[in-house]
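Structure record follows, encoded as C-alpha cells.
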Amino acid sequence: MANTNKPPVLVVLQLTGGNDYFNTVIPYTDGNYYDSRRSLGISENRVLKLDDELGLHPAMAPMKDIFDKGDMAVIHGIGYENSPRSHFRSMDIWHTCEPDKVGTEGWLGRALKQIDPNSENPVTGVNVGQALPRALVAPGVSVASVADVSTYGLLTNIEQEQQRQQVLERFANMYGPAVGSGQVMEYLGQTGLDALKGADILKVAPNQYESSVEYGASPIAQKLRDIAMIHTADVGTRVFYTDHGSFDTHAAQATTHAQLWTDVSEAVADFWDDLREHDADDNVIMFMFSEFGRRVRDNGSGTDHGAAGVAFAIGPNINGGFYSEYPETRAEALQQGDLVPNQDFRGVYSTVLEDWMKLDAPSVVNGQFEAPAFIHTNGGSH
Amino acid sequence: MSNREEIALLAHLMRRAGFGATRDELEAMAEQGYEATVEHLLDYENQPPVDEYTLYRYHPITEVPGGAAAPGQANWLYFMVNTQRPLNEKMALFWHHVFATGNAKVDNCNHLLEQIQMFRDVGMDNYRELLVRLASNPAMIYWLDNNENHKIAPNENWGRELLELFSLGVGNYTEQDVYECSRAFTGWTISAKMPRYPYGRHPWQFEYRAEDHDETDKSFLGYTGNFNGEDIIDIILKQPACPNFIVRHLYNFFVEDEPQVPAWNIEQPRNPDAIRVLAQTFVENDYDIKPVLRVLFNSDFFKDAMYKKVKNPTEVVVSTLRLTGDLQGPDPRLEAVAREPGYMGQDILDPPSVEGWHTGHEWINSGSLVKRVNFVADRISDTNLPGVQRIVERIAGANGATMTPEEFVENCLDQMGPLPVSDQTRGELLSQAQSEGTVDWEGSYDDSARRTGEMLALIGATREYQFG
Amino acid sequence: MLTTTVSGRTWNFSHAIGRNAAAGNGFTQPTDVAVAPGGVLYVLNRGQEGAGGVQAPNKRIGKVTITEEFIGDFAREELVWPMSIAVDSAGNLYCTDEYDKKIKVYDADGINAGEWNGDGNLGSPSGIACDADDNIYVTDADSNEVKKFSSDGKFLASFGGAGSAPGKFNRPWGITIGADGSVYVADWGNNRAQKFSADGEHIATYGEETSGPAGALNHPSDIAVDSEGDVYVSDWGNKLVKIYENDGPVLTQLEGDAIEFSKWAKEVVESNPDVVKAYRRVKDTRSLGLFNRPVGIAVDEDDNIIITDSTRGRLQVYAKEKDYMDPQFNL
C-alpha cells in the first residue's frame, strides 16, 4: 500500500470480445505454439521478449516498458471451470462471480456497497462509457455512467438557472423513495437521484484538469483521459470502469488484434504518464481482463472462442512479474482444443479486493479462492 | 369500454406495435375499433412504403453510408419516423434485437441496411423463410464468419449462434451439434467483391460453393444424413425448444420485460401460459409469424401489460419525434438525431455483440436517464413544433377559458399517454402547476402554452414515462 | 458497351474523371456539373450532413478540366442542401440551396459574390439554368413551378403548377435551356421530362413510353440537350441515362462504361497492392463501369455528354461522334 493517506482506487479495463491470450503473451520457444498457429503465429524475432520463454505481442511495446519497470503483473491461465465459450454468458460470470446461475449483482457493485454502504457519494463508482456494465450493478449502489465528462447534466433545456433549480427539485422529489412501488421503480428512483447528484459533482472535473499528456484519438484513449480527469479532480471515486473492443477476432485477426493492442497499450501508457504528472498514481491500480481466451489452433485467419485467458495488473503498487503458470500447450493437455484455466478469476479479484481495496473478499466473490500476491505488501511503491 | 379506456388501450397498442401515435391518430383508430386496428397493422402491405426516393434525393449518403454508422442509422431513423407501416418497421427492430448484427465488425452499413430491408420484406411472413434468408444474408455471413467456414476447416461461429441465439437457446443442443451444424453450412459464403477503392463500395452477393461444402454425413440433434443448411433449419424447427424460444423473444419485446436472454435456460418465463399459447399458434401455422402477432395483440395478457416495459432508446427517440412532429421528412439534422439512441445505450446497426442488447431496466442508468429525459424535454417543451402545438390546442380547448392547476395536470397527463402516475409524482406535478396558479387560456394563450410545454417536459422526465 | 449506335447517331464512351474522396482531386456525391468556357467543369459535391446537422466541409464545388486536371474547390461550409449549379456568360456560377431557399453566387474565381432569394419566390429551389441573356431559370420543388429571374434575383415570370397533366410538375429538379430558348425540365415526381417554349407553352414530353428500348423514366433528376437537339435525361431511379429525339421518342440508353480507372483513380489503385489483388479475384468487373445514381448531366460545346455518377464519386464523359462509320460486322 502506498505511503500516503489517499484511499486506494481501482481502474478496471475490460477487453470485450475474448482477447487471444495465445497471441498476447506468446510462448515463443514452444513448438506447439507455431504448430497450432500456422497462419497467425508471430515469429520469435518479432515477439517482445519478457523472459526466455514468453513475450508480448509486437503491438504492445508501451506495456513491455511498464513490465520492464516492474509495474505489471501478468496473470496466467485465468478463467473458471466449464467455460461456456459464449460472450454474454462468460462476461456475466466474470461480472457476477456466478458461474452456475445467472446473477444480477456485480462484484464491483458489492464492493462499492462495502466502500460506501449508504451511497453517500454517487460518484464512488464511475463507468466511463454509454452502458453500465453488470459488474457495477448492485441494489442500493449508485454508479455514475458518463459518456463524456465535459457535458453532463439534467433538463439542460431550461435556460433560466433559478427556474431550472426549482424544476430539478421537483424532479428529485418525484424520484424519491416510493415504498412498495416495486423493484424496477425503486431502481429508477435511485438512478434519477444519482444522476442529479452525480452531475453536480462531476461538473468540476473538466474545469480543473490540465495535462501535458496528449492522448491518442482512439476511443480507449479518450475514455482513460476522462478517468484521469475525474481521478485528479479528487471527487472521491474509488472504482472506475471502462472497456474497449471488440477482441472477437474470428477472422482477419492479424491486423485487427495488432490495432487493438496498439490502441490499448498506448492509451494505458499515456494514462499512467498523466497520473504520474499529477502525482496521482500512487493510490491507483489498473486491472485488465477479457471474458475468455481463444482456441489454440487458428482457423486459417482467426481464432474461435476458447477458455483460459490472461489478465494484467498495472501500477506502482504492483509487484511485477508472472503469476500462476502458463497452461500446458500439449495437444493431450487441452480441453476441447483450449488452454485449461489454472487460476480462478475470483482469486485474482480477491487479491484486488483484500490486498488493495482492503475489503472483505469472500462475500464479494462468493467463496475462498487461491489469491496470487501481486500487490506490494511492504507499504511502499518503488 | 369508455372512450378514455379505448384510447388508452389503443395508445398501448401503438406504443408496442409501432412508435406511438398522436391523439388525432388514436381517435381515428377508435372509430375502427381495437381489433380492426390490429388487422390494419398486420396488413401493412395496404399502406404505401416509405418513399425512399425522397430520402435519397435529399440525403444521398444515406443510401450508401459504407462504414460510417451515423448515415446508416439516419437511413433507418428516417424509415421509423416516416413509415405508415409501423408494425412492419417495429418487427424489423425486433429481428435486429434477435439477429443482432453489428457495424463494429461488418464495417458496412450498406449491407446492414440490406439486412434490415430483408427483415421488412419477410420479417412478418414465415420464420423458416426468414432463417434461410438470414443464413444467406451477406452481412450475417460476414458477421459470424461463415465465409471462413470451410469443408477442411469448419468455423463454428454461425453454427453456434444459429442454435444458441437465433432458434433454440442454450441447453437445447450439444457441442457436437454445434460442430455438425457448422459443417452443414460449409460453402455458404459471399463472392469476392470489388474493393471500395477508388469508387466506393460494391455489394456482396451470396454464393454457394458446392466444392467447399462438406458432403459427408452429419449427426445433428438425433438425425443423421448428408445435411445441407436448409435441412439443418428443418431439424431445428422440429425441436419444441424452437417455438418456445422465439415466442419468448416476442413476449419479451412486445409484452413484458423478461430476464436477459442468457438466463432463459435457467429462469422460467414470466407467463408460461402465454408462451404456451403463442408457441402453439406458431407451430399450428407452420411458423407463420402474423398469426402469432394477431393472437398476441388481441390477448388479455397483452392488454393487461400496459406500462410494464421499459421503453428501449429507439422507442424513446422515434415516438418523441412522431408525437411532436419533429424531423418529419428530410432534415439536415437527420444524422445528428440518429445518434441519439446510441447515446441512450442503443446504437442501432451496431449492437454490442451478437447477443444484442440487455433490455428492460438495464436500458436505464444514470447516464442514459439523463439523455432520455433531456431528449424528450428538449422537444416536448418546444411549442413551435406542430405536434406540440396540437397538444396545446387540445388542452386549451379541453374545458373552458381557465383551468385549475389540478385540471391542467390531468389534461397534460392525458395527452402524454394517458399516463397513470403515482400520488408522489402527481403531487410534484401539481406543485409545479400551482406555483404559477390558474391557467388562463383566454387571457394569455402564449404564456399558457409555455407552461404546458414545461409541464409536458416534467411529465416526460418522470419515472412512469420511462415505461411504454 | 463503349460505343452505342442508333439511328444515325453514335456515342463513344470517352473517359471518367475523379474518384471517391472527400477533398482534393475527388468528389463526394457529385450531384451536378456545369460547363464553363475553356473546357472547365464545375462539379457540385452534395457531401453528407455535418455532425451538428448543418453545413459540412465536404459539401463543396470543385473546379476541374475535362482532361482531369484539378484546379481547386470552393464554397466549403457555405452550403446546406445544394442541388444544382449553372454558369452565366460572364463565368459566374449560381448554386441552388434548397434548404436555405437561396441562390448562392460565385464569380469565375470561386469567390463568394452574394446570394439572393428571388424576392421571396424560392420555396424549394432545386434545378437551375441560364438562358442566352443571362436570365436565371429555377425549378421550385415546393410550388411545382419553373421560375424566371434576372441574374441579380428579380422575379420575372413563372409557369407550371402541381399536377400530372402536361405542363404540370411534381417536385421538378433539373432544368436546361436550349439554343432556341426552349425550356427542358426533369419532372422528377411524375417520372417524365417535359419541353416548353421560352414562355412556358408545353411542347413535348419524354419518358412516357412504358416499353421499348428504355422503358419509363424513374424519377429523372436532370436534363440536357446537344447541338443537334437530342435530349439526355438522367434516369436517376433506374441508374441510366436515356436519350430522346427532340420531339419525344426514345432513342437509346447508356448504362455507364467507366471500366477503366480515371487518372486520379489509377493513382489510388497503384499505391495499394491489396486493392490490386482484390480486383484480380473478382469474376466480373463489368459493374465497375455502371452508373450508380447518375444525377447531373451537361453537354459542352463539342457535344461531350458529361454525367455525374454520384455514388461512384466520378464523372463519366461520352463523346457524340459525327460521321461515324460502323466497322464491318464480320471483323
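For reference, chains read A, B and C in written order, and residue numbers begin at 1 within each chain.
Please note the rule applied: contacts are C-beta pairs under 8 Å (C-beta built on N, C-alpha and C of every residue); 3 or more make two chains touch, one makes a residue touch a chain.
Model, not experiment: these values are computed from the prediction.
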Margin query: Contact counts by the stated rule: is the higher one at B-C or A-B?
Written below: A-B
Next item on the list: Give me the ID of the chain with the smallest distance between its Cα centroid and the all-protein Cα centroid.
Entry: B
Note to self: Can you compute the centre-to-centre distance for chain A and chain C, using the mean CA position of each chain? Integer Å is fine.
What the structure shows: 54
Note to self: Quick check: how many Å separate the C-alpha centres of chain B and chain C?
What the structure shows: 39
Note to self: For chain A versus chain B, what separation do you get between their C-alpha means, in angstrom?
What the structure shows: 31
Note to self: Taking the touch rule as given, give the residues of chain B at its contact with chain C in the complex, in rising order.
What the structure shows: 53, 56-61, 63-64, 70-71, 74, 191-195, 197-200, 202, 331-337
Checklist line | chain B to chain A touching residues, read off their complex | finding: 104-105, 144-145, 147-148, 150, 153, 155-157, 160, 164, 170, 175, 257, 259-263, 266-267, 310, 342-345, 347, 352-355, 358, 360-362, 364-371, 373-374, 377-378, 381, 422, 424-425, 427-429, 431-432, 435, 454, 457-458, 461-463, 466
Item checked: chain B-touching residues of chain C, taken from the complex the two chains share -> 19-21, 26, 29, 31, 46-54, 80-81, 98-99, 173, 188, 219, 221, 237, 261, 264-265, 268-269, 272, 274-275, 278-279, 281-283, 285, 287-288, 292-293, 295, 310-314
Margin query: Help me check something: in the complex, which residues belonging to chain A touch chain B?
Written below: 16-17, 84-89, 92, 101-102, 122, 127, 130-132, 134, 142-147, 152-158, 166-167, 170-171, 173-176, 178, 181, 184-185, 187-189, 191-192, 194-195, 198-199, 245-246, 248, 250-251, 299-302, 304, 336
